[in-house]
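These notes concern the structure reproduced below.
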Amino acid sequence: MTRQARVHRLSMRGPDDVAPLAAAIAAGRVVPGAIVAILGKTEGNGCVNDFTRAFAVASLRAALAPHLAPAALGGVAMVMSGGTEGALAPHMLVLEAIETDAPPGAMPALAIGAVRTPALAAADLGGPRQIAMVADGVAAAMAAAGIADPADVHFVQIKCPLLTSARIAAARAAGESVATTDTLKSMGLSRGASALGVAVALGEVERARAAAARIGGDVDLWSARASTSAGVELDDHEIVVLGMSAAWSGPLAVDHAVMTDQIDVAPVAAALRRLGFSASSPIPTGERDRLVALLAKAEAGTSGRLRDRRHTMLEDSDLSSTRHARAFVAGALAGLVGHAEIFVSGGAEHQGPDGGGPVALIARRDTP
Amino acid sequence: MTRQARVHRLSMRGPDDVAPLAAAIAAGRVVPGAIVAILGKTEGNGCVNDFTRAFAVASLRAALAPHLAPAALGGVAMVMSGGTEGALAPHMLVLEAIETDAPPGAMPALAIGAVRTPALAAADLGGPRQIAMVADGVAAAMAAAGIADPADVHFVQIKCPLLTSARIAAARAAGESVATTDTLKSMGLSRGASALGVAVALGEVERARAAAARIGGDVDLWSARASTSAGVELDDHEIVVLGMSAAWSGPLAVDHAVMTDQIDVAPVAAALRRLGFSASSPIPTGERDRLVALLAKAEAGTSGRLRDRRHTMLEDSDLSSTRHARAFVAGALAGLVGHAEIFVSGGAEHQGPDGGGPVALIARRDTP
Amino acid sequence: MTRQARVHRLSMRGPDDVAPLAAAIAAGRVVPGAIVAILGKTEGNGCVNDFTRAFAVASLRAALAPHLAPAALGGVAMVMSGGTEGALAPHMLVLEAIETDAPPGAMPALAIGAVRTPALAAADLGGPRQIAMVADGVAAAMAAAGIADPADVHFVQIKCPLLTSARIAAARAAGESVATTDTLKSMGLSRGASALGVAVALGEVERARAAAARIGGDVDLWSARASTSAGVELDDHEIVVLGMSAAWSGPLAVDHAVMTDQIDVAPVAAALRRLGFSASSPIPTGERDRLVALLAKAEAGTSGRLRDRRHTMLEDSDLSSTRHARAFVAGALAGLVGHAEIFVSGGAEHQGPDGGGPVALIARRDTP
Amino acid sequence: MTRQARVHRLSMRGPDDVAPLAAAIAAGRVVPGAIVAILGKTEGNGCVNDFTRAFAVASLRAALAPHLAPAALGGVAMVMSGGTEGALAPHMLVLEAIETDAPPGAMPALAIGAVRTPALAAADLGGPRQIAMVADGVAAAMAAAGIADPADVHFVQIKCPLLTSARIAAARAAGESVATTDTLKSMGLSRGASALGVAVALGEVERARAAAARIGGDVDLWSARASTSAGVELDDHEIVVLGMSAAWSGPLAVDHAVMTDQIDVAPVAAALRRLGFSASSPIPTGERDRLVALLAKAEAGTSGRLRDRRHTMLEDSDLSSTRHARAFVAGALAGLVGHAEIFVSGGAEHQGPDGGGPVALIARRDTP
């Protein structure tokens, strides 16, 4: 009797396109009660006024409501990441954990766990309390996944809150201060603090050092496995842990890589080889289906340069640097894996080195 | 006594940054009288209201004015392409043709030629007369480059005009009609007609068929070697031909590839191997400097899909699809060549197959 | 026994903010079964990829579902208009028609009627069939409102469909052609054809002349009372007629004005005086509450000029001209009425003269 | 023997359109040596990567270079303000000071003075040193204008620097810190500190209090006569003072008003009446030409609300709030004065009350 993770990648025709999920449930391919988390790339701007994330979540909740009791529905993590720049394909990843009679496998398999934290006070956004709250949440998600050793964790996907004008006004009315009054900037602070929370939980950064960090400033403090995304549609955190565990069975495996800059695809290629893919680039067509999901972070970085040449992402007042970075990094990764239905999320503060970011790969292993 | 092409890639700190060019002239590395053309990627939006192109041209003219007589200055083609999305690095390519005592080489070398066409009437933009005007211009530029066989042409870079509200109003006041009153759309029509002009000149599409084409609609008519870019700063065409000729000498060579979609980098990798680069991807660091320039076209295509997955470039009313496509294709190509100081131009109507585009590579050959 | 129209203006904190409506229903101020139509300004870009409209509609349907049978719910017109540029305040107007024992009033009162048309084929968008379909729909809505004389109609608000990449591809696959492949441009064609449908129904333009019109081109053909708005969230038309009728009672009245350009506020001021407001500008604070709703159309026009000075709305490739126009016209009107919770909708093709647009004013009359 | 101010408002067809100025010089209407300052509205985004300002300045310098010695040319203040949202018309205001034989008038007349400050260190941007530097500059400009009493100053237009990625990197390399690493935010800090510098110089805010202010935060500290605009094209400040002085003669007069929010046009109407215009709104057509120039500041404010209704300017990640505010406020003011060739500049930190801003009006008085 073990748990087995299943991952379904479903294309979306719009933020509210739950038809593929409904069809999968109707056909028995997806069991509502087994859904642990749904990750989605939706086609908004990925910034403050991106309502496609909330629209997707509302649509998913409405689609699942007939199948799940309210408490169970509330327990499904829904991490929508806005922004499908370039040819990024809107899609969702439905993560299931099913009970199986299979004995534990000879080798570890993909394990998943998800939790929600308590609501974050606006005054705590971007500060030590957010870091601590997330670190606790990651530990709880690891426990839910049955992963004890942080070394077995390959990716932590988090949806975190941001500050809106209304939240800022409410905090002020209550006599509290906020870290920034710039709503777009609050997204970066929330992402950064959440990433440091992951780093603390995984032992990558000491708790005290994280608590003292200048969020967004101390770029040498980072997690190799955090991917955080802010959204207006929640005021707590949704945390999904992906790792490998001998207590789980099945054909899926996860590995990760760290890109040191926006075009550093070699570590990703190496991770693909570790997962059994051929060394050639791009991945041969025949192997392409074995790659179930790719999740990556993208950012402009703070230097204004890529390999000592200037870029303009940080100076563009028409177009957020996160949008630039998603499109560009998506191109580099799609060139490697052969399609663009990949999960590239923008804003990698404290997620990988400055200008780079973590990448997770979920693959189906060949049966031995 | 032969001609020899030289290509200088100069980084730019802004649209008006002519300091690197001035320094190269002062140091004798660039001879003003030998400059045939200057191609530049400037950091505007690449669309109608992109004044960085004109600002760069004005700055270049002011920088060269002390060195060249007005007629000679007017003869220098200046093809600025706006849009440095993602990590694309603003830069210019200064193309020189110097006379040399060297005997013709054992093998052909890079040859360049440039011309300007007459001014295009607003009523002719996007129609058969523009196609014919460009075809004639390409033939003239080939002659200037000393290239007789169209097969020896590897790239034709063109700057073409667009329609502004003022030009549309003037045409109407003169009782003429225009192909579109949408200024952004006029860029696509001008790029498409110019590309078909190249296709006619190079024998890729029959003249009559090109004249009857629906510009932007008949996507099966295309040139494998055209790269066209529209701008508000001119009302004629600037045409630069790049090819190989036994009448030219020197270490530089040019080759080209055609991407069939936005991430089809394999043909580019093959062209790099033909130019003597290693088969590995990305290009090894030690070989990177041998690649002098990469010029490519990028577009969303008309299908709304990449490899059967939906993308959102054509539905995004905030961000022109040309901006999406430049960033994304630049990522794929930068992942291959190892940096992003490359010339990726948006809007590939009739330039390569639908969704794809031509790519030119200028490399320094190893001395034998 | 007469009908009485009620209009509730409810502020919205987001596209899915149905709390004020729910509160009004709970308090008995709004009777779900009496709702004829809900008009809303939502905070998306108002262009193709504006999902705030559909999100609002989905949220409204979910909020009303417990109160109405499916057929009744389907009969409530929901016309969401995206785009709250400048200081425009997101809000909804809930239009009710209640039965009352009151005898017909001494004077006519606000009358409302709403219908949905059949679905429009993609191939018919922007053509004579769309015009005819809308003309028939307006006649049906007038009948529903009990208005026989077109002169008693003061405003016709329509939500019409647009072309997406998917709809275009489907039409092509079916061997049909579409009026444009530019998704943003399809919005203008749909708005324009719908407006001509209103003009036909109201006797402002002859049916044959409308059928032969170049949509968006023949700017001298227009309705003084049409307001049309395109959205991705429907494939039919939702039509709401506002007029005056002696068969209706109550304190509300509607009147309209036509602005000849973006700052022509004098006709609006005149209409306000006809509705009993003071002649001073802006409206005195004490009278402000009597103005229940202002609905207006805004557009850049085709000339590129306002009162013989150039504007740049048509050349801006970063920002749709509809967004420019909404913000600017909203400023002019807000300056007149003293606040910005007004319904300004962009894209006024065939709605008022070129560059101008119709304005409707709903006011509470002083009790005699 | 007195000085006389002349103000020429010249429409521009593009950022580099100096033809109207050249024509005015050729016709003797403008005397190059008498030009004190040129203010311009150019059609970029008005944010960090707006190169239309620098393009205009370069074009103006090239146009004036044949007429002025380098030192004299360097002494002409050129204050370009980017952003012509809505129907704002790109234009320039050429301010001349000519010597005249006329005796001092019976009443004061428009007086102008301009200076440039030293270059501002990146580390000082947004802090007390910038405030002090500007305060000193305003005092010098007042002296240049012959204005001793701050009460006679009606407007101070300033162009101030911003932080680019390169400037930030250079400061860091030199071991210095900067107030922000967000380039767009640096514009607001620079505008705010410059405005406080004006407030100090005019006695509106005490020097110590200004030095201790949180720039952008202490919104109750403001100048009623400052208008500041940041740009990438300079690293010092260009300061132009407009006031009334008995030492100047001629028909021109200046007055100012303070709008308390984005649609508070009543104080502007009152100022127009003080300048001799009719009380009616909008200004009668026949009086329109007497209004030579209108200069105003616009901003979203920090509350997220206008007259207690929510607006979305601060949440829009696609479109800077400065662009929203310029379009909206321009609509309100154009509705009052009857055209949109007015100088509305975005970002009013410490310029007027939160959400509002100062307005200057230059008018030609009727001859007595």
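Each chain gets a letter, A, B, C and D, in the order it is written, and its residues are counted from 1.
Here is the rule we use: contacts are C-beta pairs under 8 Å (C-beta built on N, C-alpha and C of every residue); 3 or more make two chains touch, one makes a residue touch a chain.
For reference, the UniProt names are A, B, C, D = Cyanuric acid amidohydrolase.
A quick note: this is a predicted structure, and the numbers were derived from the prediction, not measured.
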item	value
Starting at chain A, fewest touch steps before arriving at chain C	1
Pair of chains joined by more contacts [C-beta pairs], B-D or C-D	C-D
Distance-maximising chain from chain A - centres being C-alpha averages	D
Chain centre separation in whole Å, for chain C relative to chain B (CA means)	46
Rounded Å distance between chain B and chain D, as computed from the means of their C-alpha atoms	41
Residue numbers of chain C (touch at least two other chains)	13, 43, 45, 49, 166, 310, 312, 315, 318
For the chain A and chain C complex, residues of the former touching the latter	13-16, 43-44, 49, 51-52, 54-55, 58-59, 62, 166, 232, 318
Touching residues on chain B, where the partner in the complex is chain A	11-13, 43, 45, 84-91, 262-263, 265-266, 281-282, 300, 306-307, 309-313, 315, 318-319, 323-325, 327-336, 338-341
Chain D-touching residues of chain A, taken from the complex the two chains share	45, 47-50, 164-166, 168-169, 181-185, 217, 302-304, 310, 312, 314-318, 320
